[in-house]
Each structure stands twice: as structure tokens, then as C-alpha cells.
Amino acid sequence: MSKTVKPIVGIVMGSKSDLPTMNEAGAILDSFGVPYEIRVSSAHRSPDKTTQYASGAKKKGLQVIIAGAGGAAHLAGAIASQTVLPVIAVPLKSPLNGLDSFYATFQMPSGVPVATMGIGKSGAKNAAFLALQILGTRYPAIQKKLMQHKKKQAV
Amino acid sequence: MSKTVKPIVGIVMGSKSDLPTMNEAGAILDSFGVPYEIRVSSAHRSPDKTTQYASGAKKKGLQVIIAGAGGAAHLAGAIASQTVLPVIAVPLKSPLNGLDSFYATFQMPSGVPVATMGIGKSGAKNAAFLALQILGTRYPAIQKKLMQHKKKQAV
Amino acid sequence: MSKTVKPIVGIVMGSKSDLPTMNEAGAILDSFGVPYEIRVSSAHRSPDKTTQYASGAKKKGLQVIIAGAGGAAHLAGAIASQTVLPVIAVPLKSPLNGLDSFYATFQMPSGVPVATMGIGKSGAKNAAFLALQILGTRYPAIQKKLMQHKKKQAV
Amino acid sequence: MSKTVKPIVGIVMGSKSDLPTMNEAGAILDSFGVPYEIRVSSAHRSPDKTTQYASGAKKKGLQVIIAGAGGAAHLAGAIASQTVLPVIAVPLKSPLNGLDSFYATFQMPSGVPVATMGIGKSGAKNAAFLALQILGTRYPAIQKKLMQHKKKQAV
Amino acid sequence: MSKTVKPIVGIVMGSKSDLPTMNEAGAILDSFGVPYEIRVSSAHRSPDKTTQYASGAKKKGLQVIIAGAGGAAHLAGAIASQTVLPVIAVPLKSPLNGLDSFYATFQMPSGVPVATMGIGKSGAKNAAFLALQILGTRYPAIQKKLMQHKKKQAV
Amino acid sequence: MSKTVKPIVGIVMGSKSDLPTMNEAGAILDSFGVPYEIRVSSAHRSPDKTTQYASGAKKKGLQVIIAGAGGAAHLAGAIASQTVLPVIAVPLKSPLNGLDSFYATFQMPSGVPVATMGIGKSGAKNAAFLALQILGTRYPAIQKKLMQHKKKQAV
Amino acid sequence: MSKTVKPIVGIVMGSKSDLPTMNEAGAILDSFGVPYEIRVSSAHRSPDKTTQYASGAKKKGLQVIIAGAGGAAHLAGAIASQTVLPVIAVPLKSPLNGLDSFYATFQMPSGVPVATMGIGKSGAKNAAFLALQILGTRYPAIQKKLMQHKKKQAV
Amino acid sequence: MSKTVKPIVGIVMGSKSDLPTMNEAGAILDSFGVPYEIRVSSAHRSPDKTTQYASGAKKKGLQVIIAGAGGAAHLAGAIASQTVLPVIAVPLKSPLNGLDSFYATFQMPSGVPVATMGIGKSGAKNAAFLALQILGTRYPAIQKKLMQHKKKQAV
């Protein structure tokens, strides 16, 4: 992980147990050489820490935030309520197959968008790809790598 | 509305447009003579105001909080994350029939419960009744009135 | 379990097989030193026993009742129909992932509220926490412990 | 309505507002000359009345009971818990399109069956037809009329 | 199994692989001494056999038919279209958790009722109990045994 | 309508009230000059008529059958059970938004396929287009017209 | 596999991992002696290859296309957008039980039909049977074999 | 509309009838002074036009694409398959309440993300806000306006 460089993507999750899923996002950012940081901060159990993280994200240099949570999954929304950075949500698996997680995520009120991905690991990977696409609009090198990857993944 | 007395129940909702629904809860508290206050505070558009309201609720004398929200309905959870008072959630109607509101509400993580009611006006009424039942465990007069009401409502 | 003291919380379930789930609620009440009792009484197979338990609950000193049931889960509603004590429902897992259990639980008619928790063990834990929050409005010691627990659980 | 004769079918519903739907069942029984009675008795608001009705149904000569209820629809199950007469359930329409009514009805525990029909008026009609089919196993005249009706309804 | 006596209940299923589930119904009928027969006949793969079975059921002495099927579960409806005997449906488990099975079963058109039970083995058992309740309206001995069983099953 | 010519497509529906929807299919066949016939035949209320129609369809020159039905929608499956002609199903709208119609239709057992379209009028139109595509594999003129239509519909 | 002969059915899937499921379709075509080809081509990862395959399908002699995909399953629709050959869709299993796969498949706009089968292996088999039925309208030998198979499969 | 300036956001929809909904996105971009263009291009009826639009989007200066579609909603995915620009999806209302649109949209395969918004007009508005947030990571003036808007919208 490119952790010595100042991170430009923040990956947040509600519980340590979400790490195996959310690390999928990190691995893809790594492969693109994009520095990121990983935080565990629950919207419901650590609301103030979450608020501080989200409201301070822009100032510390983050450009995109990825948030993974399950059940009554409020983490992405809680972060989006505190920042104007793009927030990407990964609804995590749950006893209800992630149904509750995505219902809790995607129907956000006007003015507080959350970019909802698919459920679980596949969604975590795509959160990283969307983050790269967003960064790519600004950094031609990232966009170029994305184009190379797009060609390579064709089956 | 018994607003001159210090309120012991707080009714919060995410938008002014939720007032007709949430007033159903107020009307029932009124009929039991229980003082309450009504606030509009969105978890996503006014997160700090919501946080302050929730974290200051106990100190100002509230004993129960009723929260109504729709869609990616985080209001009750956001309040519950800041207080140890019982929080009662009313999932409000939405283009998805309130199903999203409900899923966004009831699957809370351990330690941060939210007492979920039915969807819409009927749920708002029951939020008031549950608040009264909670207060009734402490105030015999309320519990007595509830017992009288129970008899009267039999069909 | 603090069973020598007079219980103030009743934990009821429809079948002995629900014990492993509902014991999660008991364990949390234990850790807060709150006396409780556990009963198996099916709304459908032992309706009279259930009715008697619910209608006599207040008199014997119970202040909150927790009810766990699955499928066409009527236990919480059946109890709520007989008492003005707050009734907390835990929809239990089922072949339909608990979908039937919570649909059967949360859409109660006005005047007979049931505080619906999440599905399964996590819901059982939260039922205990909500019971503690309700008791906490009356017993400052419990409320204080809840505040300590809230701080400790932050991640 | 053949009300002067002793009724052999009981039609019960949770609320007066269910009458227009449940009368569809009555109209069909009328057209077959089967005497029935109609009662309003809510499982949640009049649990004791419901219990008495169900437990006394066989003694007073009822042979089948039809129960219509919506939302957390417990009426049919509550009646089935008190009698060994066949109980036919009509899940009534609700803000959730009757889906909650249906889920609350059909997943009954072993030993307490409820014969679930379709949702709303069409279900109410079929509840009457099933009642007639049940009576028809005993009364050849009813079975004969059913066969005539079956031929007539062919399109 | 009381197979030497003339059966009065028919248990039909769409595939041999449904036998372990549907045998639960048979076991209960056995324990009540009610003679029955078991047939495998798919509504879709053996439509004519199914039609003949259903249309000849009454004549051969059957009084109730239990039908178990999964997926686009048409067996109970296909049988009900050919007879005025009460038809009890058991929606069987499927890759969609039985969701397709019961949607395909319970919303029958007026005049062709199907008594829908819960999903899988538990539903199969209740199909037998409902069959017994139906027979019990005619045979006091069965009704009496049902009352004894009801008492015994109380928990 | 090209009704003087021998029809090669059969459009069947369970009830006269389905005509406005299913006529959408006819209108498209008309515009392609494909002769068809329309029949009302319920799988549940006219099972024998349905069986005869399906089993005789090939002999009378039909090459494709379109079947529209709602609720516990068995019509397409019932027809498919009696013929090796391709059967196209249109799940019709219902109180459950056509979801029940759809679930009752598409999960057919191996060997008895039903080509399921979308719900309601849009599905009826596409049933006609699929019928034309099927006929187009044999009749170049129809296939050619379909290619022209495809170009014209581009937006 | 009859691969030396010019294929008349194309089986396409979005990923190599879908082969075990889609081979079920191939096995049935094999048993009927119908030549086919198998391709892996993702609508999202290889859109141009998919477009070329679909738009060239008719010219190379294909008469029916079977497409299997899961999740946001666009493969069948993408192919249907480029050809007037009949396209049969197999919604594949997914973490959401295939729910997303079939919702993404069956509600196609007018003029671009997709013949939706059941989920997974059973759907793959039926896709082959529907392809055979379509071919059977043109090739009497195939239709005859289908009739023989229909008789054999009766249970 | 700032249409004289070179657009940096593309708003695409599958049908002209989607304009009233998608114009909500345009109105918000207008109020932020962000130039955009609006196109109607169906993934299923105009696949080549859609492909060309998507594959040429970056070259012509677009930085973000918003795509609205309903039913088997493939537009966003079809575009995402052809570009490395961020693609924001608005699932549009449908007879199934937009649920089908949503399921068809959000479960994209790894490497081809689609940023899914809520259903209908509210989702269209949020698509514009997310586009602005993405642009804001590059253009400080937009980000500053977003922060002002965030403060203003607090209730």
C-alpha cells in the first residue's frame, strides 16, 4: 500500500469485520498507484469520529471517499452529509442478502448524493474503479491507465 | 398542544413536508396531556443540528424521542447514535411504498437500537402510543389512561 | 442470571429452539444487572398461556416485555394486545430469511404498538438495549451504565 | 342473507372498514343458500372477544371460519389457535399492497394451519368458495351446486 | 400407512424429489389413522394424468387433495380447476426460497380457490392438519383427536 | 385484422378483461400482415377448453402461441404442457403490480419452457415481436420487415 | 458436440465461469443433434465484440441465440438490440439469488423482446428446449423429436 | 441553459418521455453555471448511436455522463462499457415502481462501475449534484458553490 504518500482517497467502513471486503478496493487503488487511507468508523457507534473524519476530509487532501456498511447502512450518507467530496457507497452483505444495506443507501435526499455500487466485494472493487474514474477526470495518467485496463479486461 | 409545559417527548422529522404525518403522533400525546416539542432536522441536510438536538435531548428533559424519515431514512439512527434515550422510528411513505424507509431503519447494529413502527400515519400514531407506554412505566397516571384507552378501543 | 431478584423484564419466545437467539438479550441484561425471566409460550400453540402471561405481566412487576418469534410471528402482537407495558419484538430467522417474521410484526394497528428490532441475534441484543433505555428513563443507574457502554463501544 | 337460520360459517374481520371486502364472501354464501354470521373482532384491539368467539365457534354450530385482516394480520392465526375448525384467511389490502398481510398470514407453525387465499376482494370470494367446498364434502347438495357453478363459470 | 383402506385424502406432487417433504403430510395422516394415497403427477410434464386424477378424485372417494409443487407451481391450481373438492397447496422450496412457488399458488381467480400453506416441510405438515380439520367437520372422531392434539402441543 | 387467412399465431388470454392489453399484440401482428386468432380460455375456469386448444394448435396450423394471464398465471404453462410449439407468456398487471403474474410464469420445469415477456401492454407488444422473430427464422419476408422496423425505431 | 457442422444456435455468456451452467443448454442441443457454438463475450467488458457477434449472427447462419448473464444482466438485451433473431435469456444466479439478473432481463422496451427463462441451470436447459421449439417450427424432424421427448418426460 | 459553451456534462436518456425527469438534472447544472448537453439515445433501440456517443464522449470534452433509463435499464451500463468517464445512473420509474430499473443498474461487473442514484426525479437531481461534486474535485469554484449550497439547504 502506498501509505507513505499523502492519501487522496479515503476508505471508511463501519466495522473491522468489513476489512476483507473493503480491502478489495484498496488492492485496486494500489495497482493504480493511488495513495489512500483506511479507517474504521461506525456512523452509529462512533458518530462524532465519523463526523470529524468527513468534515475534515477535504482539508487533509482527500478527493474521494469510499464508504462500506451493512444493515441499516448509514455510513456513506453520514459522510455525504458533512462533505462536498464525492462519496461512493458499498452496501455490504447482511443476513437479508444486502437488501437492507442497499435500501438504506441509495434513496438519498436531493443535494446529498451517494454513488451506490453493487453489493459486497464486487461493489468494493467497483468503488475503487469509480474513484479512479473520478480522479481520472483530473489526472490524465490515471485516466490513461484506466483505458489500458479497460482493453485488457475485455473477454 | 401542551407547549407551555416543559416537553418530555421530542418529535423530530427530516422535512417540513412530514408534518401532516408526524402531527398524528402529537395529537395523541396531546390527548394524553403529555407535553412535547416538534422539530424539523434532517440527518443528511442538517447533520450538526441533528447531532446537537440528540446529544442535548436528555439534559433538556426529554425522555423519549420520536423520529420520522423516509427513503434512506437515517434520522432515527443518527439520533440513537447520540443518546441513550429510547428512540422510536416512523418509516415514512416513499415512491417505494416506504419499504426503503423501513429497511433503512430497522436493521441497526447492536448497542444502538431503534424501535421501529409501521409505515406512515398509522406508524406515527403508534410511535406516540409506544412513547406513552414507556412513560407509563414511570408515571402511573399515564399508564392508567393507557389502560382506559385500551378498553375503549376494543371493537 | 440475576434470577433470585424479582424480574422487571420478561423475555418470551414461541419455541424452545429460539433460546440460543433470545439468550443474547438475557446476557446483556445480566451484564447490566437487570433481573429478568425467560418464558416459552407460543401465540398459536399456547394462546391462553400467552394471554395470561401478558395480562398478568404488569401486576407481577414486569416493566418491559421482549418477544421473539418467527414466520407468521404473532407473539409480540398477541402480548401487546393484552398489556400497556412496552413490548419489544425480535423477528426471528426463517426459511424466508426472516422476511415473513418482520412483515408479520411491524405493521401493527394504531393503539397496539410493537417496537420492532432487527432480525435474529443482533435484534435480540438490541431488544435488551432498548429495554435498558426504557428502564433508564426511570432508573438513573441504568441510564448511566448505558452512557458508559455507549462510549466504550465507539470504534 | 339467510340470517334466520343458524349460521354454519362465521365471517370475522378486524375492522368495520373491512366490510365491503368481506361482504363479497357473504354474497357468495348467500347465493348458495348457506347461512352465515358476520362479526367484527380485532385480534389486537379485542383479543378476548376474539378468543371467546373462536373457542366457542364449534359449540354454536359453526363449521368453517373465514377471517379477513390486513397489515400485521393476526386474526386468522389467533382464531386458529383456539379452534380445530378449518380457518380460511383473507389477507386484506394495505399500504404495502397486502404483501405484509400475506406474509403475516401464511407461514403458520405446524399444527395450527390457516388456509390462505389471495389478497383482497378476490380472496374474499375464494374464501367463500373454499368454505363451500369444505361444506360440500359433507353436504351433497352444496357439492352439486358447486359443480354446476364450475361448469357455468367456464369461459 | 393405512393403505389397505380406501383412501380419503390424495397427496400429489410434481416430482419424486418432493417425496421427503410431502411424506411429512402422510406421516401426520397416518398418526390420525386417516387413509390416503400418494401420487407423483406433474402439471407441466404429465398434464393429462393430472387432469384425470383431479377429475376422478371425487368419484374414487377422495374428500380432500393436498398438492405440493415448486417454482412456477401450478399443480394445486391445475387440480382445483378440475374438481370441487378442497385443494390444499404446499409451495415447495426453490432457488428463490419458495418465493416463486407461493406467488404462483395463492393468487387464484375467483371460483377456483386453493388453500395455501407455508413453504416446505412445515407447510406439508399443516396441509395434513388442515385436511384433518376439514374431515373433522364431518367425522367427530377426527375432530376429537384434533382437540386432543391441540392440547398436547401447547408449550 | 387478417382474419380471413388461416391464422399462424394464436393469442390466448384468461379473461375478456385482458383484451385491451392483448390486442396490443394483435395490432403489431396486423401491421406485419401476419394472420392470427384471438381466444379467451382460462387455465383455471376452462381447463378442458384450454387443453384442447393447446393440443390441437399445431394441427390447425398455428406456429406460435402467445398467452396472457395475471395473478397465479398458469395459462402459458398449461398451454406449454400440451404442445411443442413455442409459447410466449405475457404476465398481466395485478394488485401486486404483476409481480405474482411474473413469478407464476417464468420458473418453469425443464422441458416445458415458456418465453416470458415484460409485464402488461409493453410485454404484449414484445410477445408479438418475438412471435415475428420466430416466424422470421422461417419466412424471410417477415425477417426483412423486422429489420426495417428495427432501423425505424432507433431514436 | 456437433461442432463440425455449421452451427445454427449461438450460446453466449458473459464470463467463463458461466460455462458449467450454460453447458446444460449445449448438452440438450447435442442430444437433439442440433449444431451450436459457444462464445464468451461480456456486454460490459467486451461491448464491441458482443455487438459484432450479434450483428453478424444472422449472416453466419445462426437462427436462435441463447444468452446467459447475471447481476446487471445486459447480455441478452445487448444482443437483441443488434439482431432480429430470437434471443433467449438465462438469468444466472447471483448473490441476490438471481433477483437482480431477472429484473435486469425481462422488462425490455417494445420492439426489442428477450425471451426470459427461469434462473440458472434449469433455465439454461429450457433455453435449449425453447430454441428447439423455435427451430421445430421450421424443421419437422426437430419438432417430431420434441414430441417424443414430451411423451417420455411425463411422470 | 448554458448551451453556447462547450458542454462538460452529458445527460442521456432512453426515451423522449424521460425528459421531464432528466431536466431536473439539467436545471441544477444550470443553476451552477455548468454547461451540459442533453441526448436521447436508447441502449436497445439505438445501440450504435449510444456506443458512438459513449466512446466519443471524452474526446468531445465531456467529463461526466448522466444516464437515465427505466425497466431493463441498460443505458448507463452500455455507456460505461465504452468509456472511462464516470457514469451516473438514474433508475427511472416503471410499472414496478422503478425497482426493476434499479436492479438492472446497480449490480455491475468489476471494472465497469455505474454510480447509481435514487429512483426518479429525486435521483435525477442527485445525479447533477454528484456530477458537480466530481467536477468540484477539479474546479474549486464549483466546489465552493457546493459548500454554499450545502449550508443553505440545512433545515
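Each chain gets a letter, A, B, C, D, E, F, G and H, in the order it is written, and its residues are counted from 1.
Assume contacts are C-beta pairs under 8 Å (C-beta built on N, C-alpha and C of every residue); 3 or more make two chains touch, one makes a residue touch a chain.
All values derive from a computational prediction rather than experimental measurement.
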Legend entry - Third chains touching both chain E and chain D: C, F
Inset, instruction - Among A-H, D-E or D-F, find the interface that matches B-H: by residue number, over half of the contact pairs should be common to both. - result: D-F
Legend entry - Inter-centroid spacing, chain H versus chain G (mean Cα positions, whole Å): 32
Inset, instruction - Go ahead and note the Å separation of the Cα centroids belonging to chain C and chain G. - result: 51
Inset, instruction - Could you grab the centroid distance between chain E and chain G? Build each centroid from C-alpha atoms only and quote it in angstrom. - result: 36
Legend entry - Residue list for chain C, restricted to those that touch at least two other chains: 14-15, 42, 45, 71-72, 96-97, 99, 106-109, 111-112, 118-119, 122, 153
Inset, instruction - Could you run through all the chain pairs that touch each other? - result: A-B, A-C, A-G, A-H, B-C, B-D, B-H, C-D, C-E, D-E, D-F, E-F, E-G, F-G, F-H, G-H
Legend entry - In the complex with chain D, residue positions of chain F that touch it: 14-16, 40-42, 45-46, 49, 71-72, 95-97
Legend entry - Contact set on chain E toward chain D in their complex: 58, 63-64, 84-86, 88, 102, 106-113, 115-119, 122, 125-127, 129-130, 133-138, 143, 146-147, 149-150, 153
Inset, instruction - In the complex, go through chain D and note every residue touching chain F. - result: 93, 97-99, 118-120, 122, 153-155
Legend entry - chain H-touching residues of chain G, taken from the complex the two chains share: 14-15, 42-45, 47-48, 51, 71-74, 77-78, 80-82, 94, 96, 99-100, 103-109, 111-112, 114
